[in-house]
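Structures incoming, each one as structure tokens.
What follows is chain A paired twice: with chain B in the first complex and chain C in the second.
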Partner chain A sequence: MWLWFAKLGSPKWFYELSTKWLPWLTAAMVLTLGVATIWALLYLPPDYQQGYTSRILVVHVAVAGTSLAFFPLMAVAGTITLVWKMKLADMVAKNAAALGAWFSFITLATGSLWGSVSWGTWWEWSDSRLVSMLFQFFLLLGVVSLRSALEDSEKAAKACALLSIVGCINVVVIKYSVEWWNTLHQPASPVSMESGSANGPEFWIATALMILGVYLFLSVSLILSTRNEILQRERKALWVQELLADTKSGRG
Partner chain B sequence: MDSTALNKPSTWSAFALTLKRDLLIAFKRKNDIVNPFMFFVIVVSLFPLAISPEPTKLAEIAAGVIWIAVLLSAMLSMDSLFRADFEDGSLEMLLLSPHPLFFLVLAKNIAHWIVSGLPVVIASPLLAYMLKLPGDSYLTLLLSLLIGTPTLSLIGSIAVALTVGLGSRGLILAVITLPFSVPVLIFGTLAVQSSAAGLPAGGYLALMLAILAGSLSLAPLTSAAALRISVS
Partner chain C sequence: MDLISGIQFDSFAEFLDMGGYSFNVWAVYGLFVVFITVNLYVPVLRRKSLIRDLKRRQTLAEQAHGAEVNSAGRHKLEEAEGNS
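After this line comes the complex of A and B, so read on.
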């Protein structure tokens, strides 16, 4: 198991493995995302209360659920960076922060699109999920800006790893404090409709498919950006030089 | 006392010496004490001008205004926590010392809080009076600030330690620290608001104490790790 772990840390090994996996993952992503999107946006029956706007929830729930995975992911990668000094973990974490910020942003955007019809407002401070998602967005942006501020890449890797671990704890604390803050003012949160079982099974199957698709999208984009990062950081390594020479001669 | 401390350096004396040294430096350079305090007073007094001089409106926002002003002044003053020591090299000496960095960082944090947090806490009832905060909630305000400002210092020191080597870092410090201070802000304002409404505020103060206990044990550890990353 440890051998496997040490192997995984080698950028070259990851690059070669991901070259094999990437077509399959991409195909699976296109398939699930395509089916889920067409199904959700064109064929889902309108909800008896929300009408056609319930269709946007399929996208919203999937992206929101996935965006919660980023801080744990970054904290785990950060721990690996700090403890085992594995370069690959940091390459993944570097792009995860920016990607996570985008996911949070899309969650907020789709959520407020849905809310503008269902709640009659684009933004509602009294809802705890909106507020904690907003602060998760801010925290992720903080990690991104710390990364870009520190020039020494090794220092930036460690600093961001530490910030991600602290941020992961903080996201949880913020989530609960916002929830307590909220419930004291407005106990019934309209978002509970989201988890209500009023919607039929086709809604949930579409959502599950969409969640799978979004996770695949997350993996594919992380792998692609990590591959980029590997090529850039290891550009002086022999295997990268050979790879580049191969692609050039292949084209020419 | 100093010579015995040097001959038999225990962690406790290292802690006390760091605390004493930081306080001495701060009292020699009074800017570090006066500026956060003046900033706090000025920010609070801008709100009535911008919103409304009407007593009922002011009373409604008083708790929030004071807490946000405290948050901003704590954040701005954080910058000076490690900067001078980093520039003259004494921070490296601190890192090289055989004592656990946890206690040295804690000592610096406490000194910093005494210098920049405590004056703000002491002045807060006066400013609360100017904002027409309802009479029953002064004690809660004072207690919540007494618990909350050290927490803010402790949390802020992590971000300061991470960015200590950067040239211009005022804004990045804010971007990192402010979201982290949300729980303190929420419970601090809730405590004051509920006691202004005649409700018990003990629960919120207990939650704030829990956050303080957590950050007291974890934040110096994290700051110490962050300093080892930044200063290398």
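After this line comes the complex of A and C, so read on.
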């Protein structure tokens, strides 16, 4: 168990394992996102109230739901950094913050594009779901700038870890905002087995597939940037030197 | 569901129109594609420039090391360092 844990934290081990996994993850991502997108755009029957704008929700729900994973992910990585000082955990946390900010932004933008039709407004300051998601976007930008503001990289890692743990509170607020406060943003529609209902099988299967695709995309993107971080931080290690000697420029 | 008859649109124009909400629907899918492409392509580009940079450093280090090992070169290296 402890040997496995120590191995997991080794950048070299992660780098070599991800080299093997990346092609498969990328293929699964392309396939899932491709099928989900074509399904949503071409085959989804128009909603009886929303018409074809329900196609927006497939993307919006998948990206929004996945965006909630970032603070818990960064909090776990941060805890590992604080307790065991594992280098790899901090490399993942660092790259997750910027990607999470992207996820939050796309959630807000797609939500606006849906709301402008269905609610007749792009934005509503009194809605707790909208405002807490905006807050998550700013918090993640805050984590990114905190890291670049602190010159001492060890101090920066600790500060970001703490902010990530505290930031998890906001995830709970986002999740339950639609139940605690009754405002514009509707709660998730219950999954229905009845074809043609608000969240019938046509809709939720497409959405489930899109969620899977978005999670695969998150993994591939995060693995790619973490591998760069490993090469950068471990550039003086023998295994990186050997790897570079075997690599033609820009390949491998 | 048949792959052809299951399609919700009778013509390509109808598909583009999205029941009158073409801007909103296509803006969302356009953003989605940009979002995914950028967050995959940027790390790939960064990797290329990083490897190029690290390999250049490696070559420079090897050259410096080579000069140092060379018995006559040791003096030269010191000279070169003194000049720079």
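In this section, the second predicted complex is superposed on the first by the 219 of 252 C-alpha atoms of A that agree within 3 Å, B and C clash if a C-alpha of one lies under 4 Å from a C-alpha of the other, contacts with A are read in each partner's own complex, and residues count from 1 in each chain.
Rule of thumb we're sticking to: a residue touches a chain if its C-beta (ideal position, glycine included) is under 8 Å from a C-beta of that chain, and two chains touch if they have at least 3 such contacts.
What you are looking at is a predicted structure, and each value in this text was computed from that prediction instead of being measured.
Colleague: Which partner chains sit in contact with A:52 here, chain B, chain C, both or neither? Use first/second/both/neither.
Modeller: In the superposition, A:52 touches chain C alone.
Colleague: Which partner chains sit in contact with A:162 here, chain B, chain C, both or neither? Use first/second/both/neither.
Modeller: first
Colleague: Please work out whether A:109 is in contact with chain B alone, chain C alone, both, or neither, and reply first, second, both or neither.
Modeller: second
Colleague: May I ask you to decide whether A:138 touches chain B, chain C, both, or neither, giving the answer as first, second, both or neither?
Modeller: first
Colleague: Which holds for A:203: it touches chain B only (first), chain C only (second), both, or neither?
Modeller: Neither partner.
Colleague: Between chain B and chain C, whom does A:170 touch in the aligned arrangement: first, second, both, or neither?
Modeller: First partner only, chain B.
Colleague: Between chain B (first) and chain C (second), which does A:70 come into contact with in this model arrangement: first, second, both, or neither?
Modeller: Neither partner.
Colleague: Of chain B and chain C, which one contacts the greater number of residues in chain A?
Modeller: Here the partner covering more residues of chain A is C.
Colleague: Go through the superposed model and pick first if A:14 touches only chain B, second if only chain C, both, or neither.
Modeller: neither
Colleague: For chain A, what residues appear in both contact lists, the one with chain B and the one with chain C?
Modeller: Comparing the two interfaces on chain A, one with chain B and one with chain C, no residues are shared.
Colleague: Applying the document's contact rule, which stretches of chain A touch chain B when the two form their complex?
Modeller: The contact residues of chain A facing chain B are 135, 138-139, 141-142, 145-146, 149-150, 155, 158-159, 162-163, 166-167, 170, 173-174, 177-178, 180-181, 184.
Colleague: For a test of understanding, state which residues of chain B touch chain A in their complex under the given definition.
Modeller: Listed in rising order, the residues of chain B that touch chain A are 158-159, 162-163, 165-166, 169, 172, 175-176, 178-180, 182-183, 186-187, 190, 207, 211, 222, 225-226, 229-230, 232.
Colleague: Which residues of chain C touch chain A in their complex?
Modeller: 1, 6-9, 15, 18-21, 24-25, 27-29, 31-32, 35-36, 38-40, 43-44, 46-48, 50-52, 54-55, 57-58
Colleague: Where on chain A does chain C make contact in their complex?
Modeller: Chain A reaches chain C through residues 33, 37, 41-46, 51-53, 55-56, 59-60, 63, 99, 102, 106, 109-110, 113-114, 116-117, 217, 220-221, 224-225, 227-228, 231-232, 235, 240-241, 244-245, 247, 249-252.
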